[in-house]
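Here it is, the structure, as structure tokens.
Chain naming follows the written order as A, B, C and D, and within any one chain the residues start at number 1.
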Amino acid sequence: MGKQMRIGVLTGGGDCPGLNAVIRAVVRKGIKAHGWEIVGFRNGWQGPIENLTKPIDLADVEEILTRGGTILGSSRTNPYKVEGGVDRIRETIAENQIDAIIAIGGEDTLGVAKRLTDDGIGVVGVPKTIDNDLGATDYTFGFDTAVHIATEAIDRLRTTAESHHRALVVEVMGRHAGWIALHSGLAGGANVILVPERPFNVDKVVEHVERRFESEFAPIIVVAEGAIPEGGAEVLHSGERDAFGHVRLGGVGQWLAEEIADRTGKESRAAVLGHIQRGGTPTAYDRVLATRFGLHAVDAVAAGDFGTMVALRGTDIVRVKLSEATAELKTVPTERYEEAEVFFGA
Amino acid sequence: MGKQMRIGVLTGGGDCPGLNAVIRAVVRKGIKAHGWEIVGFRNGWQGPIENLTKPIDLADVEEILTRGGTILGSSRTNPYKVEGGVDRIRETIAENQIDAIIAIGGEDTLGVAKRLTDDGIGVVGVPKTIDNDLGATDYTFGFDTAVHIATEAIDRLRTTAESHHRALVVEVMGRHAGWIALHSGLAGGANVILVPERPFNVDKVVEHVERRFESEFAPIIVVAEGAIPEGGAEVLHSGERDAFGHVRLGGVGQWLAEEIADRTGKESRAAVLGHIQRGGTPTAYDRVLATRFGLHAVDAVAAGDFGTMVALRGTDIVRVKLSEATAELKTVPTERYEEAEVFFGA
Amino acid sequence: MGKQMRIGVLTGGGDCPGLNAVIRAVVRKGIKAHGWEIVGFRNGWQGPIENLTKPIDLADVEEILTRGGTILGSSRTNPYKVEGGVDRIRETIAENQIDAIIAIGGEDTLGVAKRLTDDGIGVVGVPKTIDNDLGATDYTFGFDTAVHIATEAIDRLRTTAESHHRALVVEVMGRHAGWIALHSGLAGGANVILVPERPFNVDKVVEHVERRFESEFAPIIVVAEGAIPEGGAEVLHSGERDAFGHVRLGGVGQWLAEEIADRTGKESRAAVLGHIQRGGTPTAYDRVLATRFGLHAVDAVAAGDFGTMVALRGTDIVRVKLSEATAELKTVPTERYEEAEVFFGA
Amino acid sequence: MGKQMRIGVLTGGGDCPGLNAVIRAVVRKGIKAHGWEIVGFRNGWQGPIENLTKPIDLADVEEILTRGGTILGSSRTNPYKVEGGVDRIRETIAENQIDAIIAIGGEDTLGVAKRLTDDGIGVVGVPKTIDNDLGATDYTFGFDTAVHIATEAIDRLRTTAESHHRALVVEVMGRHAGWIALHSGLAGGANVILVPERPFNVDKVVEHVERRFESEFAPIIVVAEGAIPEGGAEVLHSGERDAFGHVRLGGVGQWLAEEIADRTGKESRAAVLGHIQRGGTPTAYDRVLATRFGLHAVDAVAAGDFGTMVALRGTDIVRVKLSEATAELKTVPTERYEEAEVFFGA
């Protein structure tokens, strides 16, 4: 065992299945392998800014592996946008004698982690996004669970589509990257998959739908919430406010279902999966990945390798520079999308 | 074995997990116990009207028990609203030498079944509605599956609500009866449950939500799609078209989430489960119930007991008059709703 | 609200999904509707005998609805078989000022409840058995979950049986009653179902298996652990010790798989589901039933109606005498078994 | 499109979720991208030996993506162990004008594929093993599903262990490699994980178990079926015949449960998951992986790149030599096992 240390841990950004599994792994390895003390910060970066701490012991993580959400709470607070935010973090760190921070989060949380490291605070990052759009790692935890849930929904929607000879448009998460749409569409046997990376041609979608209707089967269209039609028709997206100030539930999916109904004369329905994709117990895959990320984040801290993030490469967990990880969004490459096209249409 | 008979079977109305299980049971019992021939009619009452038949053998039902939807297709066609509909049914029956029909469906399908029996055509009904709002039977198949799916969704939404200190409004099916809301709300541990049978008071809902936010937990509100606020605020319902002709996805649930956000100043989100509640593989409970309904429908036909419907009473399958079954909607009684109220609020 | 009371609650006998849901309902209704205090007794009747108590508050039951097991622990301790057991219960009751006890358990636990009531201690029972073999109630909670798990397993085993042209024998729980075998066999589409109530004829089973093998499908045999062959061949049951003192895992299922292999010359495998049938999160059905049982047990206490047990009759929760409930085992009636036989064989 | 070709496809060895997804992808891509005809061979290598063929069209693969098992059947037939086997394959190929074969299977099936390529028959391999013990690929499809099922079982067993203060030994698949045990043990939060790669010390296992019993929680031990105790105690394995000729169900798991009970004086139970781990619908992860393997196998055939196998490397599907793939078993490396040890014991 090395020097007796006190390590802070926090979770930032949107909810994601597997956060608790990372926390548990950090606590088990920190305490059992190194004899460290682990201090939880509440609600993302708000915790170190406002000195909201909560000591975490082995007993506290005993039953959390299987649970969604995060026992630490989360927020989107950014210390660089809060008056004196970084200085207040320094004070919290000093007051609590924190030697290093493990920050679990997405692009924003890790962006802060990078800047704090540049500013002399030792941070190790753990990548988290259900959208799988973080560079530098093969996959992030939460993504497999989101795909699993979306696929189960598609499996259920298929039978209802077929019994009623209806088109079903399933809107899944993915504002900037279509990974969930691509994987759940492949796994669910979708007849069209639409992603933000490729503006879609409504005529072509309708063509696939019509050919599908000629068979005894019904068309399933999986569309990422961030997908947009070519030429940029005015499509409001889920969560945006419409002209009357109402939050819109079901954006492009609902829009597309209406277009299909209008153009084909067939019944068409939209299903917007929404938040069920990011809650609840993680899949076994995500539990293993999140656990290994937590263990290796502790190794990085023990090695004093700050400014890094743990990442999956093949079957290995490696460390990459935070700067590399947050450099650019990882979108669906053309060849992956085209690979899926043999399943389109009839 | 009795007289060699030919029996028609059809499925009408909305999709419902367990339809195929009924069909399979009818075919197995009809063929193995009685030596009958079974003829499937396609797309509900459209089948006998347009002579759309499909013989069904043991092999055809071999792999359908676990599948959602219906291998016969469905429709909402009503022979009493189609020019010469009943006469055309008579012709189909004569041409195919059909001795009796087993009609699987909800209020509309069974209403037709009743009138046809009055008009001299032998029909036995099997009750089907995921909403559980058919009188004369304790439960209908499909309901347990819908509640199961809604409950799984609530389990997932709970963790995301808690990590983000958000209110989550879950809109479930139930236009006229709140059974799915009541049962999934109880099973999911909802903090408020709203049903069509009781116009709700928004102030009281907000009060429950606020008390819940005072704890470390987040409020979950389960609302049936047909629930309405007291005083009748203008709430558009899911599937209705708004002033601009757009089909609305998420009616009262979305409306309520906005009200809660406005009045409490806390984040609030709606999740509209929609069609995933009525597709996919049935639960074990529904497979057993649907199977038993199918077996007993064959018994009713063998006994020449037409104009009846099979029904669940306790653990027994009994026969009731179709007239009784379709007399009135079975809604959630006051005492069942009040039973649930100890779980409301904090 | 009535008189301020202190109510004890305990869980006895084998594990069963839904126990925590009952406890939660008792606590919510006792506290919120009546203002009572609730005291948990640990480990079944061992708790009141040894004065092992644990106060339970609203916060303690906040997150337990979805969890299997029991937060109170369980045991098979019988105060009538412990030196001075009943007197020690009286002392515990006096010391803790307990006004009544709600005892959640199966035949043994409820038998004790009945005798204690006869001996002047106020007890209300809540029926619990995954085997569904308790009289006086249509169903017990835990049963639906066990059937659900067994059915999921059968769904999975079917595909492996078919790919390999193998017979698969699935041994499910049910030492004295075949309810789990009957319902999971119906729901899973079994080709033979064997229950303790009817000694089975191996020749007939083999005949069904052989006819099934003549199709392109593979035979699935669901057998209750307590089923026995006609004539009483020496079949060791799961959990019993063999001649060498080893606990036997897989009794009649394993025996039958070997018989089938020997007699048909085809591959045959046994799967023994064991304890996975009684753990984990309850189904929505069981959560609702367990919750309602808990609420109504509080009503019975409030009414001073001791010596009773809550029971399901149709869709109502009623009270029955504990003497009636424990009078005899509820086994599968002949007509229910014969109903299933049209699914046997090919 | 290239030359009009006829491609044979077969599935060999043990059942594995995802086989149908590969077949579907081969058929879709072969027909839609290349205009090929696809011929299915029945029952592994038995098909080409005995000329058991079955043409497969788009319609045949329409509904198989979600199904476990294989529509082609499987066997362990080895043409090099059958009199004239390879010559008979040549005849079948000539007769059916087959241009190449896509062989989906494990070590044995792919070993044959390699030798046939050496003997001049064009074969491309697709790796399949739920055990994940094939070299040259990061993962094989079926493994994620097996881990998912085992993890769900552990989740359920945990609550029953805790309610009864029992040790629970869960025996999972893995005769030569402990991948399923390692991953499901990590995902299920096991307190001890035992793999074939490291003979285990019973004293140490008992020590972990006893420390765990000192907490309020119960020990879960996950053991691969091929794990063996140090010093080589005589442990019979699942599926082996004992001294009396009976097939043993539950080998090392059952043995270990008895050892733990004897040495600790606490109750201990074994659960043997068996065949449920390899049947039923594949996870979304496995559906995507299997689908991509099928698409890339078609690419390899189109490129005339025989003697290769498709493999997963990171997020890419690559081609590797069959000789490399079957060179040696991929076992759990020491560092992966030791990574898990911080979760052992209390």
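Please note the rule applied: a contact is a pair of C-beta atoms (placed from the backbone, for glycine too) under 8 Å apart; a residue touches a chain by one contact, two chains touch by 3 or more.
Chain identities (UniProt): A, B, C, D = Pyrophosphate--fructose 6-phosphate 1-phosphotransferase.
Keep in mind it's a predicted model, so treat the numbers as computed, not measured.
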item	value
Farthest chain relative to chain C (centres taken as mean CA coordinates)	A
Whole-Å gap between the CA centroids of chain C and chain D	34
Between chain D and chain B, distance of the C-alpha-averaged centres to the nearest whole Å	40
Multi-partner residues of chain D (each touching 2 or more other chains)	155
Interchain contacts, given as pairs of chains that touch	A-B, A-D, B-C, C-D
Contact set on chain A toward chain B in their complex	11, 14-15, 17, 19, 67-70, 73-74, 149, 152-153, 155-165, 168, 246-247, 249-250, 254, 257-258, 269-272, 274-276, 278-280
Touching residues (chain side chain D, partner chain A) in the complex	25, 28-29, 32-33, 58-59, 62, 65-66, 138-139, 144, 147-148, 150-151, 155, 183-184, 186-189, 215, 217, 281, 283-285, 287-288, 291-292, 295, 313-315, 339, 342-343, 346
